[in-house]
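Inspection log for the structure reproduced underneath, given as structure tokens.
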Amino acid sequence: MMPDLGKYAGPVLWSYGLGIAILAALVALTLWQGARVRRALAEAEARVGKTDG
Amino acid sequence: MSIWEYANPKRFMQTTAGVLPWLAVLTVICLVVGLIWGFFFTPDDFRQGSTVKIIYLHVPAAMMAINAWIMMLLASLIWLVRRHHVSALAAKAAAPVGLAFTVVALVTGALWGQPMWGTWWAWDPRLTSFLILTLFYFGYIALWAAIEDPDTAADLTAVLCMVGSVFALLSRYAVNFWNQGLHQGATLSLDKEENISDVFWIPLVISIAGFILLFLTLVLLRTRTEIRSRRLSALLSREARA
Amino acid sequence: MIALLIRDLRLAIRAGGGFGLGLAFFLLVAVLVPLGVGPEAATLARIAPGILWVGALLACLLSLDRLFALDYEDGSLDLLVTAPIPLEGVVATKAMAHWLVTGLPLTLIAPLLGLLLNLPGQGYGALVVSLLLGTPALSIIGAFGAALVVGVKRGGLLMSLLVLPMYVPTLIYGAEVVRRAGLGMDGSTPLALMAAITAGAWALLPFAAAAALRANLR
Amino acid sequence: MIALLIRDLRLAIRAGGGFGLGLAFFLLVAVLVPLGVGPEAATLARIAPGILWVGALLACLLSLDRLFALDYEDGSLDLLVTAPIPLEGVVATKAMAHWLVTGLPLTLIAPLLGLLLNLPGQGYGALVVSLLLGTPALSIIGAFGAALVVGVKRGGLLMSLLVLPMYVPTLIYGAEVVRRAGLGMDGSTPLALMAAITAGAWALLPFAAAAALRANLR
Amino acid sequence: MELVVSDLDVARGGAVVLRGIGFRLAAGQALILRGPNGVGKTTLLRTLAGLQPAVAGRVSMPPESLAYAGHADGLKAMLTVAENLTFWAAIHGGHEIGPALEAMQLDPLRGRFAAHLSAGQKRRLGLARLLVTGRPIWALDEPTVSLDAASVGLFAAAVRGHLAQGGAAVIASHIDLGLAEADVLDLSPYQVRGDASARRDGFDEAFA
Amino acid sequence: MELVVSDLDVARGGAVVLRGIGFRLAAGQALILRGPNGVGKTTLLRTLAGLQPAVAGRVSMPPESLAYAGHADGLKAMLTVAENLTFWAAIHGGHEIGPALEAMQLDPLRGRFAAHLSAGQKRRLGLARLLVTGRPIWALDEPTVSLDAASVGLFAAAVRGHLAQGGAAVIASHIDLGLAEADVLDLSPYQVRGDASARRDGFDEAFA
């Protein structure tokens, strides 16, 4: 079911590959940073013992 | 209640916590549908052959790269006028996303240019001004990174964003002094004047929607992270003084 | 104001003040490029306007990076901010002083370097005029950049990253003026546009720069 | 030594440490030149090797100027001189740290910029190799220059003047290597010469730089 | 001419360090700020000088009436003593530098580059700057750092003279300045520590 | 372990400022340098530290036995307190930084960037550096600048501890350090004024 890309297979596949890879990387980075900060904050608040926010 | 309610970090966190999941789901749907449709189920263009398929990444990315900067400009203005921390942090959060889109547009564009124009890169006005936009993204992010007092950094980057926008615009016109360039003009501007048939048009619109949603999702996520890290540093400096 | 101008000029010509260094750097670029690019006269002639302008740009930039940083480090900036003169005035004055010790000399020496890069004969007049109208913009834009990064150690490079993109329009128009003149065409349009940019920059950027400085001091 | 290397690397990646700024500057030069020179692909292709090398040179230079100045201003240098490690070692270590955060990244990103200046296809390999062998020389030569001007406020520009001439041989050979490769010729001779310069510089300049530092401190 | 500070909160690095400071200083009065290292003296003085915004509370005084002298002296190494002083005098409306040089006994050094001064000589020049500003209120941060006994005397005399002419001075210092008449404000009680009390201030409730 | 200085001449900026200084410092002794601003304390200490050559006379001590602390503390703003200290410890052969932090009560601040310290806190960190050098002879230039009374106490204690372990210290200071046992050397008598006496030394007779 893979479409026939003809002589332009290279550019097209590369575009989709790289493009999606970059976006995926961005998403991964965002999630990772989010998780890290959330954890650190939880610890800090546990230490200081505050609950609001 | 005024919309500024949402500018209160706490309020913002609560609201976005509710919205985000739906947004995320919608994003995935649009992106998957748009790109898969574009990649698998669209015919080749008679001139450009299968390379038209690149359009479904290239155009949305390029559009959002520009719009992201505009959104940052607005957020910066809000920060300077009303001093709502959330808007400053939102601008900070948007920058990397915009940069990533810029890179996608550049890469896909370059890969498209190779077969179409016989070169990866040409100093075409549109390309050039886009490259300059990329530079402004770099500068903006670097400035955030270089200054450690958060409010100072917010002010400085906001000013930079405003001044930078002006100069970005100026360069856009300046580069027109050269050749009119290889790059298509607004061939398929959104109000869909004819010269592109539905088969290309519909999936394109869907993936554009997907990119917009992706942008929103990521910005919200990152803003939440920024807010949390602000609270974190506040707590830490308290501890240090305790 | 005057006092400040005089002080900055005096500091510039004192030991280590870096007067004339901008010139020297300009010269070096004009020398290095042929060394890198190779000696064919035709090529050089074609790229001369661009290279000269890029050189001028970099020379300005390098001499700018410590424009406020020095005053910040030795505490003068705190005192200037609390002094009874508007901070915008301080910015403009310092930018002016910078132009006098950098932009102006650059303009005057440029024709010589034009020879090095064998710039076409008709280009020289245009070169001088365009630099004369363009370099003030470089100074004030750079002052804005310097205000942003004052307080950042090693601010120099960061500043170039911030400032150079803003130099683009001036650069394009400036080089365009010279190239057209070289080809015997009329360059009044780009010249006018460049002058407009310079005027606008001097009208607005002092305020932006002053705001940046205030933010940096607290 | 190791401690010093680690400290410098850490400082480089900390806020305001200016890691990656060298890169940004390199990119900027590669963008500005076409903006000044104009878009014709043919011209750009011809000047690409030279411009890329000049860009790398300047990027190194700018990131070097405060190499010792910062340690001098905050008094660390006094303490390093009196510390139980040879000053020559200190110089070499700091130069090495500088290369790791500047020269190496430059080398890796250079091919991309080659695209912007549409460098002929065969040139890329040569570009990377020549930079890999050449940039260490830039770092150590620059360290020597930085040692000479430490203590001079606004030293950056003065330093460029002292250093750029010393960069000339590296520049010429480096650009030559790339150009030859671009024309499909054999560039091994200039490459060898450049490598020799690099080796020699690393063998001798640390001593010269250490001497300069000692002189500057008293 | 009066400086009135009413329950003032000052912050440094995004966190409040002193809360609820209040005092009034009339012409002819001097106030000495005391407190352990890091209590917030410098922060308070910078806030008074308008170099950083107050978090809460208010500072009222006639406009452009305060002269600030911080840890750094604001001297140009490559200008001579006289040139440095003349510059600041000009900026503040061209007062005479002669008397100032007198008062700080800098006359013999007037032609010397600031780079060639010893630590204490630099400091004296920094203090001479105050005399040429002609401002009524002085805000001084550890003015006698690295001054010898004699110079501290000079400084005390200068301050007295200033007060006698209807001036006022707020001085942060760890050592005894020999200004018996000045009243002392210990900042320790106002210090904000990292405990619960710190958390509910309007300043950054949003963030912590 | 002994520091012997015999008729030493030191110069600054091309002119001899002190002539004929001589003293000997045995293990366990401390010497306090006094003298008005500009007499030449800093110059003398820098000469002892080997940062500048002596014009005449000799300084004898075991190699690499002297640790110098000048007006500047040699701290990196963007490194934390602990990182700064660890670096200097490593350079001097990896001593423990724990005790030093203890002694200067910096433990609570160990994770703080040096940029975020107050003047006095910075200074304390600068002194903690001495403890990790493990060097027997300390040469300190106005070590207590901007320290509060308590911190000066800490400092005195640290010096005593050092002396007790057979160390020695030369300290230039204007204020009383509370080191009763230390003997004092007033430099005024050795000062060279700009008169004829100054001209006849081997240093610049070539010119005069």
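By written order: A, B, C, D, E and F. Residues from 1 in each chain.
Assume a residue touches a chain if its C-beta (ideal position, glycine included) is under 8 Å from a C-beta of that chain, and two chains touch if they have at least 3 such contacts.
Note that the structure is a prediction, hence the values are computed from the model and not measured.
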For chain B and chain F, which third chains touch each of them? D, E
Between chain A and chain C, the fewest steps along chains that touch one another: 2
Taking shared numbers over all numbers used, above half giving same and below half different, the chain C and chain D interface sides are same
Pair with more cross-chain C-beta pairs in contact, given C-E and B-E: C-E
Would you mind pulling out the distance in Å between where the CA atoms of chain B average out and where those of chain E do? 48
For chain B paired with chain D, centre-to-centre distance based on mean C-alpha positions, whole Å: 34
Just curious, how far off is chain C from chain B if you go by their C-alpha centres, in Å? 32
Whole-Å separation of chain centres (CA-atom averages), chain A against chain B: 15
Two or more other chains touching the same residue: where does that happen in chain B? 9-10, 132, 135, 138-139, 142, 146-148, 151, 175, 231, 235, 237-240
Contacts with 2+ other chains: residues of chain C: 16-17, 73, 152-153, 155, 158, 161, 164-165, 168, 172, 218
Contacts with two or more other chains occur in chain F at residues 71, 77-78, 116
Which stretch or stretches of chain D touch chain C in the complex? 16-18, 21-22, 24-25, 28-29, 32-33, 35-38, 43, 46-47, 49-51, 53-54, 57-58, 62-63, 65-66, 70, 73, 152-158, 160-161, 164-165, 167-168, 171-172, 175, 179
Which residues of chain B touch chain E in their complex? 8-10, 85, 149-151, 227, 230-231, 233-235, 237-242
Chain C contacts chain E in the complex at 2-4, 7, 10-11, 14-17, 73-76, 78-85, 217-218
Considering only the defined contacts, which chain F positions touch chain E in the complex? 13, 35-38, 42, 71, 116-121, 123-124, 142, 145-151, 174-175
Parts of chain F lying in touch with chain D, wherever the complex brings them together: 46, 49-53, 64, 66-68, 70-79, 83, 86-88, 90-93, 129
